[in-house]
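The same chain A turns up in both complexes below, where it pairs with chain B and then with chain C.
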Partner chain A sequence: MLKRTPYDVVVVGAGVVGAACAYYAARAGLKTAVVDRGPVAGGTTGAGEGNLLVSDKEPGPELDLALLSARLWRELAAEFGERVEYEPKGGLVVATEAAGLDPLHGFAAAQRAAGVEAVPVAADELRTLEPHLAHGLPGGYLYPQDAQVQPALAAAHLLRASGADRHLGEAVTGLLRGPGGAVTGVATARGAIAAPAVVNAAGTWGGELAALAGAHLPVLPRRGFVLVTEPLPRIVRHKVYAADYVADVASGSADLQSSAVVEGTPAGPVLIGASRERVGFDRTLDPRVLHRLAAQAAALFPVLRTVQVQRSYRGFRPYLPDHLPAIGRDARVPGLYHACGHEGAGIGLAPATGLLIGRQLTGADPGFDLAPFRPERFERFEGAEGES
Partner chain B sequence: MDPFDLVGAEPGPARTVLFDGRPVPALPGQTLAAALWADGVLAWRTTRGGGRPRGAFCGIGQCFDCLATVNGRPNQRLCLLPAEHGDTVTTQEGHGHADLEV
Partner chain C sequence: MPTSKSEPTGPAGGRAGPCYDLAVIGAGPAGLAAADTAARFGLRVALVDAGSRLGGQYYRHPAPELGAARPGRLHHGWAVFTRLRARLAASPLVDHLAGHHVWAAEAGGPGDGGRPWRLHATHGPGAADRTTVRARAVLLATGAHERHLPFPGWTLPGVVSAGGAQAVLKSSLVLPGRRIVVAGSGPLLLAVASSLVSAGAEVPAVVEAASYLGYARGLPVLAGNPAKLAEGAAHGAGLLRRGVRLRRGSAVVEAHGTDRVTAVTVARLDSRWRPVPGSGRRIACDALAIGHGLVPQIELAVELGAGTVTGPDGAVALEVDAEQRTSVPGLWAAGETCGVGGADLALAEGVLAAHAVAGRPAPAREAATRRRRRAFAALMAAAHAPGPDWTGWVTDDTEVCRCEEVPAREVRAAVEELGAGDARTVKLLTRAGMGWCQGRMCGPAVARLSGGGAGRPDSRPLSCPVPLAQLAEPRPD
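Now for the complex of A and B:
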C-alpha cells in the first residue's frame, strides 16, 4: 500500500470541528493532514446557522466549554474577522407567555453564577432592542456573549490557516493498526495516510468511524430544517429565540420539537429554525415542519408574514444520548482521539474542542476537565440499556 | 432567423407592460423576464453589496438572481411571472425592503 509523508496527526472530517482541530494542532507545531470523503463543510457544518451560543446552556461542562470557546472565537475573530462574518450580536431570549418568565429568571440566575452575562429585559424594553418583535411579549434576557459566524467560511478559513494537507473527496475505509492495536493512520480509497494519532472529527458519522476501530460511540442524527428568506435589510439585530428552545435542545425525545430561532445574516436573508427530530438520515422535505417553523417565527416577528421564503435546507446534528460531545483520547484504542457529537453546538464549541485536542496530542496539560466528555463513557450506558 | 418562424408560432396580440415607466411589448404566455430579454433589456436589479447589474440567470426559478419590483412588491422572480397587461416592473436597487430596516 502506498505510504505518504508521515504526519503527526490525521484529522478525519473537514467540518468546522475538524478544521479547528487542524488549526490548533498545527499551531502546536504538529504536521497535520485532514481527510474527508466530501468537501470542506459538506456535512452538518454547511447545514447550520453558525450560532456561537452560551445562552442556551445550563451550568455544567458544556457551558464551561462554550465559555472557553466564546473567548477563543473572539481571538479568532481578530485574525479572521469579516472573512468569516463574525458578528458579536448578542442573543435575545424571549418568553412567549407570562408563565415562562420565572423559569427564565431561574435559568439566567444559575448561568450568571457560572460566568454568563445575562441581562434581564422588561416587556417594555423588548421592542427597543428589536423593533419588529410582536407586541405583548412578557420579557426576556439579553446575552451579550452570544455571537454568529458563517459556518462554511469559518471552517474553510480555519483549515486554510492551519496549513494542513487536505485530502478531500477521499473516504476513510479503515484504520491502520500497529502493535497492541494502536491506530497508526487511516486507509482511504486512494491509499494510506500514516500518523501516530488519528482524530475522529466525523461529526454525525463519528460513530461509524469509531466502529472502524471497534470502539462504541453512539452518535445519532438529529434532523433540523432551516428556512431562508429573501434578502432583507437588518430587521433582526440579535439572535432571537423563544425560551422554549432551551427545553427542546435538552430533550431526549425522538419526536419532532420546534421553536422559533431567528437571525439575520450579513448577506441579507433571515434564517429561521429550529426543529429537532430523530428520523435517521432521512432527507425528505417535510412541509409540516416548515409550516411550524414559519408560524412560530411569524408569531415572534409579525413582519416576517410580509416577506418570502426563498428556500430551506436541512442537516443532521450529531447527537449523543447525554447531549455532550466526545472529546479526547480514547482509553480503549491507543492513538485514537475523538472530537465529535457536538449536536447543534459544533460551530460554537469547535475552537475549544480543537484547542483541547491539540494540547492532548502534544502531551500538554489540557487545563480543562475533559472527564465529562470521555469517549468511552457510553460503554456502561449501553450495557444498562441492554439489561432493561 | 426569427425564432417564431422556426417553431411556427402564431402568438396572440402583444400586451404592454411598463419597465421603469417605458412600454414594453409582451406576448401571451411570455414571462416578464422573457419580455424584457426580447426587448433587449438584460438587467433589472443591482446587487446589495457592489451595486452590480443582475438579470435572468437560471431562468427556472431556482437562483433568485432575476429579482425586481413588480406592481410595488420587491424581490419578485421575473422568470416565473407571466406578463399581464399593465404590469409595472421597476428596477430594484439592493433588497428593495429599505422601509423595514431597523
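Now for the complex of A and C:
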C-alpha cells in the first residue's frame, strides 16, 4: 500500500458533521484528513433543509447540545455569513387548535427553564409576525434562537476553512488496526491513510463503519421528503410549523408522521418538510406523504395553494434508537471516535459535535457532559428490540 | 378516441377511473404505434400525453385554426402519422388524455390480481385539474429533449435550439430569423436546415462539430440502413443545391450582438473538440439554431429504479430486453427513451412493446428493423458524441444555467475550491440546475464542468411541477 503523510486524525464523512469535526480539529492544531466515498455533502446533508432548531427539543442532553450549537453557529456566521446563507430568522411554532395551546405553554415553560428563549404569541399577533398565516389559529411561540443555513454550502465552507486534506470519491474499505486492536487509520481503494484517531462521521452508514471495528452502533435510516415551491417573494418570514411536530420527533412510532415546517429561502423557493418514516432505505415514492405535506402547508399558509411545487427531494436521516447521536471516544475500541446518528438535527448539532470531538482528540476537558451520547450505550440493547 | 368517449366513467377530477390494460405515456411515434397495436389486440389503452395534439415533437403540426394547406409538407412519414391518428380516433378502446403531465408513477403489484399501476397527472392549474390513471402495465414513450452545450453569447435573443426552431416552424409556421446559421452536432442539423430553407430562410452555413470520420468505422451498419443514408443524402443534396455550406469539425464558439445576435464566430475543432487557436471566422446572421443531439427523457423510470445504460455519446437511456421490458416488472419503454434512434425505430419498438404487453410473439419485421436501426443509432451517437474538451470554449463569464443565472466561474469554483465532484453537488452549491427546467437544459454541461460524465440521472420524486393545491387535495383512491 502507498504510504501517505501521517495525520493526527482521519474523519470519515464529508457531510456537515464530518466537516465540523475537521474544522474544530484543525483549529485545535491537528493535522486532519477527511475521507468520503462521495463528494462533499453527498448524503443526508445534501438532502436537508438546514434547520438550526432549539424550538423542537425538550429539555435534556440534545437541547443542551443544540443551545451550544446555536451559539457556535452565530460565531461561525460571523466568519462565513452569507456564503452559507445563515439566517437568524427565528422559529414560530403555532397550535392548530385551542386544545393544543396548553401543551405548548407547558413545553415552552420547561424549555425556558433550560435556557431557551420562547416568547408567547397571542392569536391576534400571529399575523403581525407572519402576514400570510391562516386566520383563526389560536396562538403560538416565537423562538428567536432558531436559525437557518444552506446545508451543502455550510458543509463545503466548513470543510474548506478547515484546511484538511480532502480524499473525496474514495471509499473506506477497512480500518487499520494496531497493537491491542487500536484503530490506526483507514484503508481505502487508493491506499492507506494512517492516523492515531479515526472519527466516524459517516451518517446513515455510521453503523457499518463501526462494524468494521467490531463495534455495535445501531444507526438506522429514517426517510423524509421535502417539497420545494417555485421561487416566490418573501411570504414566509420564519420557520413556521405546527405544534404536533414536537411530538413527531420524539415519537417511537414507525407510522408515517409529518408536520409541515414551512419556510422561505434567500433564493425564493419555499421549503415544506419534512415527513418522517421508517422504511429502511426504500426510495419508493408514496404520494400520500406528499399529500400530507402539501395539505399541512396549505392549512398554515392558504396562499400557497395557488403556487406550483417545482420539485421534491428525499433523504435518509441517521437515527439511533434513543434519538440521541453518538458523540465521542468509543470505550471499546482505542482510537475510534463517533460523531453520527444526529437524525434530522445534524446541521444544527454539527458545530457542537465538532467542538466536543476536537476537545476529546486533544485531551482537553470537553466542558460538557458527553455521557448521554456514549457510543457504547446500546450494547445492552442488542437483540432486545425488533427495530434495533 | 377523444376523452369524451370515456366521460361517464372517465378518470376525471377526484373519481377513480377505469383500470386500463395499458397506459402509454407519450404520443409521439413510439406511443402512437404502441397504442394502436395494443388496441388492435383488444387491450384497453390510455394514451397519456402532455401535448394538446397527438404526434409528439416529431409529428408536431399546426393547430387546425392556422388553416395550413399541407401540414405534412415539413414532415417525413406524414402518411404513417395520419394513418395511426385515424385508426386511434376510430378505436373505442383508446382514451387520449391530452394535456396531461404525469408527475409520478406508482408501480403496480405483480400478476393480474396485483394492485394496478397508478399514474398521477396534472392537466391544469386548478385543484381539481388532476387525474390518477390506473393500468395493468405502463409503456414509457416520453421521447427525448435536446442537449445544449453553452458558449459565450448563447443566451442572446435570436439564439434558438435547433429542435425548437423546427418545432415552432412545424406548429406555427414561423421562422426564427431570415439569415440563420445552423450549428451543433447530429443528424437533426441537416433536417432542420432543410426545413428552414424550404420555408424561405437563408442558411449561410451548417456548422457540424463532428468530423464524420466516426461513420467510416461502421460501413456494414451503414450498408444495412440504406434508407437512413438516402435520407441524409437527400438533405445534403438539397442544401448544396441551395448554396448551403456544410462546415465539419467546426463549432460556433461565440455569438455576438447586444440586443440580438448579429453574427457568430465559427472555429475549427481538434479531435477532442478543442477550438483551434486562430481559426475563428465571423459569419453575419440574425438567428442561430443550435443543437447537440438529443438526450432520453426517462425521469419517471429512473425514479422507479429502472436499470439504465450509458450510450456512446454519454447519454443515459433505459435498459430494455428484446421485447422492450425495463428492469421494473410491468414497465415497458420504447423509442428515444431506450436511446435516441429516430422515428422509424420508435415506431418499430412501439409495436414490439405492444406485442409483448399483449403476450404475443414479437413480429419479425419490427424485430429486424429494431436490430438494424439500433446499430445505426449507436454509430450515430458515437460519431456525434461531444468531444471531451468542448468546455474549452466556455469562458468563465458564460452563463451555464440560464434559469438560475449561474456562470461557469461559479461551477468551476464549486469543483476546485469546495469539493464538488459531480453535477448533483454542483447544483447544491451553486443552484445550477435548480430552476424551472430542472437541469434539462444545463445538465450535460454541468456534468462535464464537474469533471464527471452524465452518470445516473438525479432521481426526482416529482418529474414536473405540480400545483400545490392538487397535492393538497385528498386522494380519490
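The rule is short, and it goes like this: the second predicted complex is superposed on the first by the 382 of 388 C-alpha atoms of A that agree within 3 Å, B and C clash if a C-alpha of one lies under 4 Å from a C-alpha of the other, contacts with A are read in each partner's own complex, and residues count from 1 in each chain.
Rule of thumb we're sticking to: a contact is a pair of C-beta atoms (placed from the backbone, for glycine too) under 8 Å apart; a residue touches a chain by one contact, two chains touch by 3 or more.
No experiment lies behind these values; they were computed from the predicted model shown.
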item	value
Chain C versus chain B on the shared chain A, clash or fit after superposition	clash
Touched partner set for A:Leu370, first chain B, second chain C, both or neither	neither
Which superposed partner A:Ala192 touches (first chain B, second chain C, both, neither)	neither
Chain B versus chain C as contact partner of A:Val307, first or second or both or neither	both
First, second, both or neither for A:Arg234, with chain B first and chain C second	first
First, second, both or neither for A:Ala114, with chain B first and chain C second	neither
Candidates 62-70, 224-232 or 368-376 of chain C: the single one with C-alpha clashes against chain B	62-70
Overlap of chain C and chain B interfaces on chain A (superposed complexes)	230, 267, 307-308, 310
Contacting residues of chain B [partner chain A, same complex]	48, 64, 67, 74-75, 94-95, 97-98, 100-102
Contact set on chain C toward chain A in their complex	104, 106-107, 118, 120, 127, 303, 305, 404, 414, 417-422, 424-425, 428-429, 431, 434, 436, 438, 459-462, 465-469, 471-475
For the chain A and chain B complex, residues of the former touching the latter	130-132, 230-235, 237, 267-268, 303, 307-308, 310
Touch list for chain A against partner chain C, complex	14, 38-42, 46, 152-153, 156-157, 159-160, 166, 168-169, 225, 227, 229-230, 267, 283-288, 290-291, 293-295, 297-298, 304-314
